[in-house]
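In the two assemblies presented below, chain A is common to both, partnered first by chain B and then by chain C.
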Partner chain A sequence: MYVSVKGGERAIRNAHRLLDKARRGDPGLPAISAAQIDQQLALAVDRVMTEGSLFDRELAALAIRQARGDLIEAIFLVRAYRTTLPRFGASVPVDTAAMTLRRRISATFKDLPGGQLLGPTFDYTQRLLDLDPEAPTAEGAPQTATAEEAAVPRVTDILGRDGLIEAEDGSEAPVADLTRDPLAFPAGRDLRLQSLARGDEGFLLALGYSTQRGYARTHPFAGEIRIGFVQVELYLEELGFAVVIGEIEVTEVQTVNQFKGSASAPPQFTRGYGLTFGYCERKAMSMALVDRALRWRELGEDDKGAPAQDEEFVLSHADNVQATGFVEHLKLPHYVDFQSELELVRKLRREQEERRASLEAAE
Partner chain B sequence: MTVASEERKWAMGVLACAEPEALSALWEDWPGKPAFTWLRKPESGLVMVRGRMGGEGAAFNLGEMTVTRCALQLDDGTLGQACVQGRSAAKAEVSALVDALHQRSGDREAVRREILLPLEEARAAARQALAAETAATRVEFFTMVRGDSE
Partner chain C sequence: MTTPDPAYNFAYLDEQTKRMIRRAILKAVAIPGYQVPFASREMPMPYGWGTGGVQVTAALLGPEDVLKVIDQGADDTTNAVSIRAFFKRTAGVATTERTEEATIIQTRHRIPETPLTAKQILVYQVPIPEPLRFLEPRETETRTMHALQDYGLMHVKLYEDIATHGHIATTYAYPVKVAGRYVTDPSPTPKFDNPKMNRNAALQLFGAGREQRIYAIPPHTEVVSLDFEDHPFSVQTWDRPCELCGATDSFLDEVVMDDQGRRMFVCSDSDHCARRRSARPEAAA
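Now for the complex of A and B:
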């Protein structure tokens, strides 16, 4: 039991003043603006939006600044802020096939309709730290080339045409929402994907990695990674039709995995899915690996007892705001709890001492 | 969907995706701002963005986005409304006003010409620039045979 304490107001107030000073750093240096964070630390903003589960670049940038760059603290701030706003509804599901692409690659097909577009990637850089104080400097302005006009089909759509990959069931069913209902098990894939989408990148990275190392291995290929902008539509009751309410950047990853077949069904590939806000490639890849591992039951695979297959373990520990809340609460005053435990230990020691004394007296 | 609805849907989409600064600059230049009354003052809130499993399957909740909505009425009774990305009350207000004007036959053409088409063109140009830069990163991978094939 946690027994609360009171007092300490002045010390707390002074600590927060000190925090303000520490946050600002050397006052001789210019203060950093939210717009600068948005533009120049864009991937931190993307992560905070994804795990904060709120697409708003300015809010995420403000949160990063307030949190002194502690991204989990920033995610916490964003999550807390969102609870102050009413929800107007749920969007029409975004159409990732209609994405305005910024990056699109496939590790499964060398030549594919629409081509391989590297975009602004760290891939193939040499990871040499640039020590130039003005660095990293561009190697010149970006080049341009003529873009293809045609729509770029998803790789899974190409495989799906020949029935080589499992078809997704597009039936419209009520969508689970873990911001409204507590997690319950077994969890449907909709609930799992929502939990993974807002889950901690590091946790999912480690779990995804574990599947590659043999803990519920599913033989994945990066079927397609696509990053770009999609429009969001909302159905407006008053008008009787859906309208575009804005445009967001998303990262989509589809893995093509180990096939299955049976006496009646021909062998076909299976799939894992990752979707995040912004440019979060590592997170979306990890999400797709874990999504696929969690699907063992519906695909009739064996439970190998691997952590990534255990949905209760994965979903209960993926949320870094929950996790940090429980881990960090340990530092709050537990004086009363500890006093009672201290009493208990003293009593046990006393009793043991008395037993030994009486045994010695008997001998 | 009627032609009028199609046009309204298009206009509202253009307004929602517009840069707030670009929209307010065009609105600044609009002569004779109409009088109106609020039916619903600008209110910021959230819309849960959904995705589909595998891009094409059943829906799931990805996360929320901020939006601001409002509804108003011009003096002749024309209704205008907006639900636009972000937390800008000003952008929602101008979007609803433009939506209302766009429904009035006397103003429709001018609204298209002076506000909606310039916004759409600006957005198309930005998309075009992005596509051209991205196209320059198109890669051709070649597979190489390793070892002696003899």
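Now for the complex of A and C:
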């Protein structure tokens, strides 16, 4: 055969066998189970569920194993599987005020109803690499505060009682869904939030960070970060009321941002909002920063030309499954196009040579 | 024909999704060259690897169809193999490498050399459906430009090419005007293939999965490559025939034979080349 990339069928089969072998690694070591990934690499599972837009710990764990720990590849596997699932309906909005809290902190008040609850956090650990090759074990049972029996009010609700923060849009209108309708601009906040929730953590982290460094700066406070379990309810027409169909863990972040007021609104605090599945605090915080930056038009702020303010730029590039596919498609053969360009470069060089030669002859 | 994988619906997508895609296709056929937004689904192959074409093909396929998949003109390039295997598995349809046997041909970067017929549909995989995208990155702007037929920017770009280089320096994805209305991206096919799009008997459908757009050139529609009166559109030519089949009218790929600069020029359309070689056994050395 005259071209090595042709005759691909057998090559592909063999490459995939190599992949299977590489995935398993040293067969002398025990295989890792999905349950182990779920329990011991839980934050990877949370990220795959969030950006994969599918709450299923076991599927996410399986995807991480199949992807050899490449989380974007795992997210891609989950998204592709998700396409094949039937859609039964939409839940009623989850009530995060009724969350069973695992972690809850506010940077705006020293103490507040419900208290501060650190939960299982990396915060305040000293990042000293534990060189003990044996897996670290939990030493004794941790002492935790007794869980609040009553629902713990959200910090933004406390501010809202005094009218110091903008009221939430209580609209019951159906929300946009970019998995069912093509993305269109201008996008409402509902569509933007959906896109950000599925968006790449690294991309949002960088954009959120850029707003802190002055590219469309709006001074944010971490009004509240709460992580815990919420009930998902589905309204059933036949019954005439909503029933609980399950419980999911979510991370919710609300930033409190300054706002000097406008012609129509008094000076008050405004909100940035972040929500993810599982424990994805960094992602949820970044999302809230970007959400707030994108709201400049609605709040009558200046367009500073910053990337985080540019809805079309942010939403068109936030999805890592789209981004990785298009970046990596450069690996596919392009030799027909390259051939065309090669011919052009040769022609341009030839013409330049001829021009130089005729100039020299004229001198 | 093989039995499709029972774990998935015929051709992978559920029937509701296929119906949504067919509606987009019908709209695209009704407005030649216009990019119809559609709710592209996540497919089990990466965006940028033909998800748009795959969704269009999935929406078109019936059990009786015969599918051909090419990439760079060849049936046996890796991604063509992969897409063909996908439809074999999920739809169990018959596949072929022969252009005239196929009812649906999914392609990336080429139009077959063999003329197509009214019984065939050519499905293009499209990375960036917007011909104005590299002149204006914003979708909100380019949609307005199309609505107003404001294509001055494109003509300025082509003119600047001529001013700088003496000729238009676009060799693939060369913009066309469809049915006298919409400036359209032919997908990254070499401009060599542009004349084949004009008044083609087959229905030409374009699917861009990541960018969520479908557009169409209905059969026998006029497709004009943009040019100027004093700088008419022209296609690539080679000063030698295909070294395998002797064809003088096909697009040739340059194959590097060694590190001494030896080159070989062969047909990019592998079916066209193989057919010519089998017809002239003495030439197939």
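Heads up, the rule we're going with is that the second predicted complex is superposed on the first by the 337 of 363 C-alpha atoms of A that agree within 3 Å, B and C clash if a C-alpha of one lies under 4 Å from a C-alpha of the other, contacts with A are read in each partner's own complex, and residues count from 1 in each chain.
The criterion applied here is as follows: a residue touches a chain if its C-beta (ideal position, glycine included) is under 8 Å from a C-beta of that chain, and two chains touch if they have at least 3 such contacts.
Source: prediction; values computed, not measured.
By the touch criterion stated above, A:354 is placed in contact with neither chain B nor chain C. With both complexes superposed, B is the one of chain B and chain C in contact with more chain A residues.
In the superposed pair of complexes, A:324 makes contact with chain C only, with no contact to chain B.
In the superposition on chain A, A:8 makes contact with chain C only, while chain B stays out of contact range. Once chain A of one complex is fitted onto chain A of the other, the partner contacts of A:56 are limited to chain B, with no touch recorded for chain C.
When the shared chain is aligned, no partner comes close enough to touch A:298: not chain B, not chain C. Residue contacts after overlaying the shared chain place A:189 against chain B, while chain C stays out of touching range. In the superposition on chain A, A:335 makes contact with chain C only, not with chain B. Within the superposed three-chain model, A:82 lies in touch with chain B and with chain C [touch as defined at top]. Comparing the two complexes, residues 82, 86, 179 of chain A contact chain B in one case and chain C in the other.
Residues of chain A touching chain C in their complex: 2-3, 5-9, 11-12, 76, 79-80, 82-84, 86, 179-186, 312, 316, 321-322, 324-329, 332-337, 339-344, 348, 351. On the chain B side of its complex with chain A, the touching residues are 1, 5, 8-9, 12-13, 16-17, 43-67, 69, 71, 81, 83-87, 127-143.
Residues 8-9, 12-14, 37-44, 46-49, 51, 71-74, 76-82, 85, 108-110, 127, 138-140, 165-166, 169, 171-173, 188-192, 210, 212-213, 236, 244, 251-255, 264, 266, 268, 270 of chain C touch chain A in their complex. Listing the residues of chain A that touch chain B in their complex gives 49-50, 52-56, 58-59, 82, 85-94, 96-97, 100-103, 110, 115-119, 142-148, 154, 156-157, 160, 168-173, 175-179, 189-191, 193-194, 197-198, 231-232, 234, 236, 238-248, 250, 252, 254, 271, 273, 275-277.
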